[in-house]
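Next up, some structures in structure tokens.
There are two complexes below, and they share chain A, which is joined by chain B in the first and by chain C in the second.
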Partner chain A sequence: MTTASDTEPAPPLVLTPYLFLLPAMLVTLAVVLWPVAETVWMSLHNFILFKPRNVPFIGLGNFWRLLHDEVFWLSLGHSLVWISLVVGLQFLLGLATALLLNQSFWWRSLARSLVIIPWALPSVIIGLTWTWMYDYNVGVLNDVFLRFGLIDKPVAWLAQPNSAFFSIVVALIWQGFPFFAVTILAGLQTISAELYEAADIDGATRFQRLRFITLPAIADVIATALLLRTIWVANSLDVILVMTGGGPGYSTYTLPLYAFLKAYSGMEFGYGSALAIMLTLLLLLVVFIYVRRAARELDQ
Partner chain B sequence: MMDRRSPLQRLFELHLPLLVIVLFALGPYVWMMMTSIKTNTDIGAWPVRYWPQAFTSEHYHALLERTSFGGNLVNSFIIATGACMLGLSVSLPAAYAFSRYRFRGRRLLMTQFLVINMFPIVLIIIPLFVLMRNIGLLDTFIGIILGHSTFAVPFSIWMLTSYMNAIPKDLDEAARIDGATTLEVLRLIILPVIMPGLVTTGIYIFVTSWNEYLFAMMLSGQNVRTVTVALQLFIGEFSVQWGLLTAAGTLIALPVTLLFLLVQKRLVSGLTSGAVKS
Partner chain C sequence: MKRRQFIQAAGATALSTPLIMAPMVNSAKAQAATVRWWYHFDNPQNTPNDLIAQFEKDNPGIKIQAESIPWGGGGDYYTRLFAAIVAKNAPDCAMVKLSSQAQLLEMDALEPLDGHIKNWAGKADISDNIWNVNKAQDGKQYYLPLQYVVLYLYYRADWLQAAGLQPPKTFEEFLAAAKAMTKGDVSGFGMRGGGGGHDNWAPFIIGNGATFAKGGMVNEQALAGNRFYVSLARDHKVTPASAASDGFRQIVDGFKAERTGMIIHHIGSANELVTALGDKVSAVPVPRPANGKGWTMFGDESNAVLSGSKNKDAAFKWISFLSSGGNNVAFNKLTGQLPVTTSGASSWTLHPKRFVDASAASLPLAGVLPDSPKTADFARTVWPTSMQRALLGQITSDEMMKTIEAHYNG
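Presenting the complex of A and B:
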């Protein structure tokens, strides 16, 4: 990449910017970089919290164990389905919302504010309200579905392996689609009206306008939002933890949840660390693509 | 853009679908708040009683009088404020360096702050727990605030750099010609202009920290329990007392929703400034 600073002589080594960066660097070093190095160290040891004096080095033993761990493969599979369903549907619903909000009508600014609300809520609340709505005995969803004849008897949504997974997916879609909606809306608002006027003169249909003007113009925004969201969803475990804790059985285990539970409930910090590193390695490609796109901003 | 659709067409293609989406977005939230002001009889009624026979504030009284929730609210407020202060105070100078200086390692350091924001929490939280335990910061305000700075610092640096880049450099230079020092430029020129961005970033950190669950759960115990951790414990403890649980949920959600609505426009423009540059 050619930048302005490449063509100019190398900047003199002044201390000021480094001094300004020092506090942020120190905090980051203490709470992020050091812990990550620790995780790598722990992943190479058989580190169990209540046996602090007996931490044998086992090399890649934890990773070897992981390859033969059925729950790991199960969680990985769930994670892949989970990411594609949640991100994909969040995106489609977000895109539809953005296209609707990009038109002019009298309650537009109200609608925009209301749609954003799920984004502001903590995962514990998302878990709570959806668990309450999915309730078997007096839950509102069973009531609504019964009234509309979609089911003939109440369903224990979160207690059955098949429905539990998809019930959480719905809750996560609810939480995340406002992000797509507002991001894509911001992109839509940068498209110049002249493009649409020209298309009108050429007699383009509304579908053609969407296909040949709108979507190409926001392709960049969409790509960035998709990458960012994929990383977030892949890392997120708190809503699942709150709603089912991974159960029933292993039916709602995802990779980050498994890593967390191994360390938190199982006290197997070594193995949990190996799982966390595995997740990071698998995500690295997505992070790399995102960072390269975002880094284009650095040289302005 | 001209809209040649008839009012009926607009009703079916715009107003109704959007109304459905708004109801979907709002429904669970409103349902939680509604439940919190219903009596236990109305909550336990089947088929579901949508409009209750009477409204009550008993669950809020029970929550604040019989449980430690009031104290949890104070803890969360202290932690979120602390995370906000720590995040902004170390990020403001860092953002100034990134925006106004060209120096060796700039690109690497900026990328680093971007990448650590993408790290899975599980990668950091396990050793952070061990670290905090070893230096005796488990179950303290400082410990959780430091835990929250793992996301607050990188996020603020990116937001503030992006807001700062929008301030013309001529302003700094004019002040320098008048003899201002670097710190004076930062304090007298940049700070007033960036104030709205600073407030937006601060509120976002506050909301994220207030909402955060995993760090708060791992790093806290009896002393500094936050609202999210407390609510999760209540779910186990008062499993069928939905009135009490939704009252707690409402008290947690209401302030952050209002804060979020207050800054949402500027927040989105900051978050998307990289992606949506024409």
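Presenting the complex of A and C:
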């Protein structure tokens, strides 16, 4: 007995799709895979930038060192709190803003444009702006709070461990909430008005409309935005670097900032690379979920 | 001419042109050297274009390609320089500081300049003190001095006078002055606990007898000096509450806003402070221990020729041009620092005389941080982190000094 596969000739190898993909693959190889491979190579060596003649291979030595490095664990803890607070609060503020901007009012177009401004500003400008707003001597926040009697003497916002951390969190929430607002607003505009009309006829309250129509309809948008923003916030260090440089002490150290300082201040590119790879491994979980969701959406 | 003949002629011309031009181009290349020079100015609106134009006019065979590199507290500049050296794309010459000389030597990146300097006419116009400070540990001269500053103490002359006090000379007088000026929302001393603050701290620690040799940061004088400095914030409360995070901009702006009575910085801030405060601000050398010599930071800046340069002679011509007489004066007018030439210093008018005098009076105390590869990380990370932790009470003053000792000698 013969089967179809025994008799049919093998399909010819079609190269055309691969040729079309080749430029993108080459670019990806050059700007993503090669630097990643080099980072892995550096993480396995005691690579100090100003000692290029002496780069001994130390295997997993850098990873062993970071497991015993209290600043690594401190930075990791800060990163987890940082991501949860920043992403969570950006989302809530972004959702509220999107719901407001989805209402009808005469200056809605202007409001939608204005809300983008924090997102459009460079991070360094945002860091500097907030640094001076928080400034102890000449900052506008202290001035306003004193005038309104909210404080009785100026507060050194960036010089105390707790206030420094949360001051930066506030700056980051301000910077990032427009991303959620705009993304969720786009999702809201895809919801059919008929659903709300039906809900009105059924006597649904505002909260029930939000709970049973709005949120389920934009759940996919929210999930994608949360995953993307988690990756970005976890990797971001620019605003912290500008506002406190990690200080006072280690109060505002996060994992990417620690990796950056080890590499670019201590010139320990080997150890800095190991820290960066550890962060990558932790983020791979989030990336994995994101890629699975993206693939599922493509299949649909 | 027929079409076929025209095409043949044009083709022959096109093919032969590179052959004819090649010797001419090569000859021009042999004559014109392009010198890549990295520099950084605090005020990016200032450019060295006039100096370059003058140099290129005097030296027709040399082109200067000046590249302004972001300073970023030193970290940005040196990371770029080190990366360029490793990538074999370093400039021919660059502005450099002594704190990075050991790292650059470790990388074999510096060209010894002794031979060039010996035959350079401008050598005698730079004082022996400045030559000696810039000499490397191996006795060779890799740096050609360009500008300098010395850290001293700015103080509010009117407030001290009102308190019936003289400008402080000793640690005790400094504390008394700081206490006298601390009133309400005014603090006596604008302490710099953020980046770069090690040079405000060093006069109280090295000046009191600390050294960077083994055990030198944990000897009794070193520990006592640091206890005194930390106590200014923690016990005596003569510093702003923001001291732990204040950097250069914050201490200068706090002083200008009349929120502090004394700060430590160099002549680079003098004109800005005088514009804001006029005659109310003056300067003296940093305080010293009652029975000691004291110490302050010599803020150096030199040019170096990089060893990978293919235009070393041309590069030296350019950097020696910048360190010569009137050119050095013109250069320092762009940077706001002080000329290294004796002739330039004698005719210096950019800053009010009292600040030039305070700089000169501080020179006998002036020194530099150790010529060690560890110094850069000490200044950028180890010191600010441990200082801030000590100011916040997360570690003791003595534990801070043990951290610094371990960094250098652990």
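Definition applied: the second predicted complex is superposed on the first by the 268 of 300 C-alpha atoms of A that agree within 3 Å, B and C clash if a C-alpha of one lies under 4 Å from a C-alpha of the other, contacts with A are read in each partner's own complex, and residues count from 1 in each chain.
Keep in mind that, in the parts below, a residue touches a chain if its C-beta (ideal position, glycine included) is under 8 Å from a C-beta of that chain, and two chains touch if they have at least 3 such contacts.
Just so you know, these numbers come straight off a predicted model, no measurement behind them.
**Q** So, on chain A, is it clash or fit between chain B and chain C?
**A** Because the two structures are overlaid on the shared chain, the partners are seen to clash.
**Q** Just chain B (first), just chain C (second), both, or neither: which does A:Asn137 touch?
**A** Both partners, chain B and chain C.
**Q** Touch check for A:Ser163: first (chain B), second (chain C), both, or neither?
**A** neither
**Q** Please determine whether it is chain B or chain C that touches the greater number of chain A residues.
**A** B
**Q** Check the residue A:Tyr264 against both partner chains and state whether it touches chain B (first), chain C (second), both, or neither.
**A** In the superposition, A:Tyr264 touches chain B and chain C alike.
**Q** State which residues of chain A lie in both footprints, the one left by chain B and the one left by chain C.
**A** 49, 135, 137-138, 264
**Q** Sort out for me which residues of chain A touch chain C in the complex.
**A** 49-53, 135-138, 153-156, 158-161, 164, 244-250, 261, 264-267
**Q** Applying the document's contact rule, which stretches of chain A touch chain B when the two form their complex?
**A** Residues in contact with chain B: 5, 10-11, 13-14, 16-18, 20-21, 23-25, 27-28, 30-36, 38-39, 42, 49, 93, 96-97, 100-101, 103-105, 111, 113-133, 135, 137-140, 143, 146-147, 174, 177-178, 182-183, 186-187, 190, 193, 196-197, 200, 220-221, 224-225, 231, 234-235, 237-238, 241-242, 256, 259-260, 263-264, 269, 272-273, 275-277, 279-280, 283, 287, 290-291, 294-300.
**Q** Would you pull the chain B residues touching chain A in the complex into a rising list?
**A** 1-3, 10, 14-15, 17-18, 21-22, 24-26, 28-29, 31-32, 35, 43-48, 86, 89-91, 93-94, 96-98, 100-104, 106-107, 109-116, 118-128, 130-131, 146-147, 149-150, 153-154, 157, 162, 165, 182, 207, 210-214, 218, 228, 231-232, 235, 242, 245-246, 249, 252-253, 256-257, 259-261, 264, 268-269, 271-272, 274-278
**Q** Going by the contact rule set out above, which residues of chain C touch chain A in the complex?
**A** Touch list, chain C to chain A: 75, 79, 82-83, 85-86, 103-104, 106-108, 185, 193-195, 240-246, 250, 253-254, 257, 259, 373, 376-377, 380-381, 384-385, 388-389, 391-392, 394.
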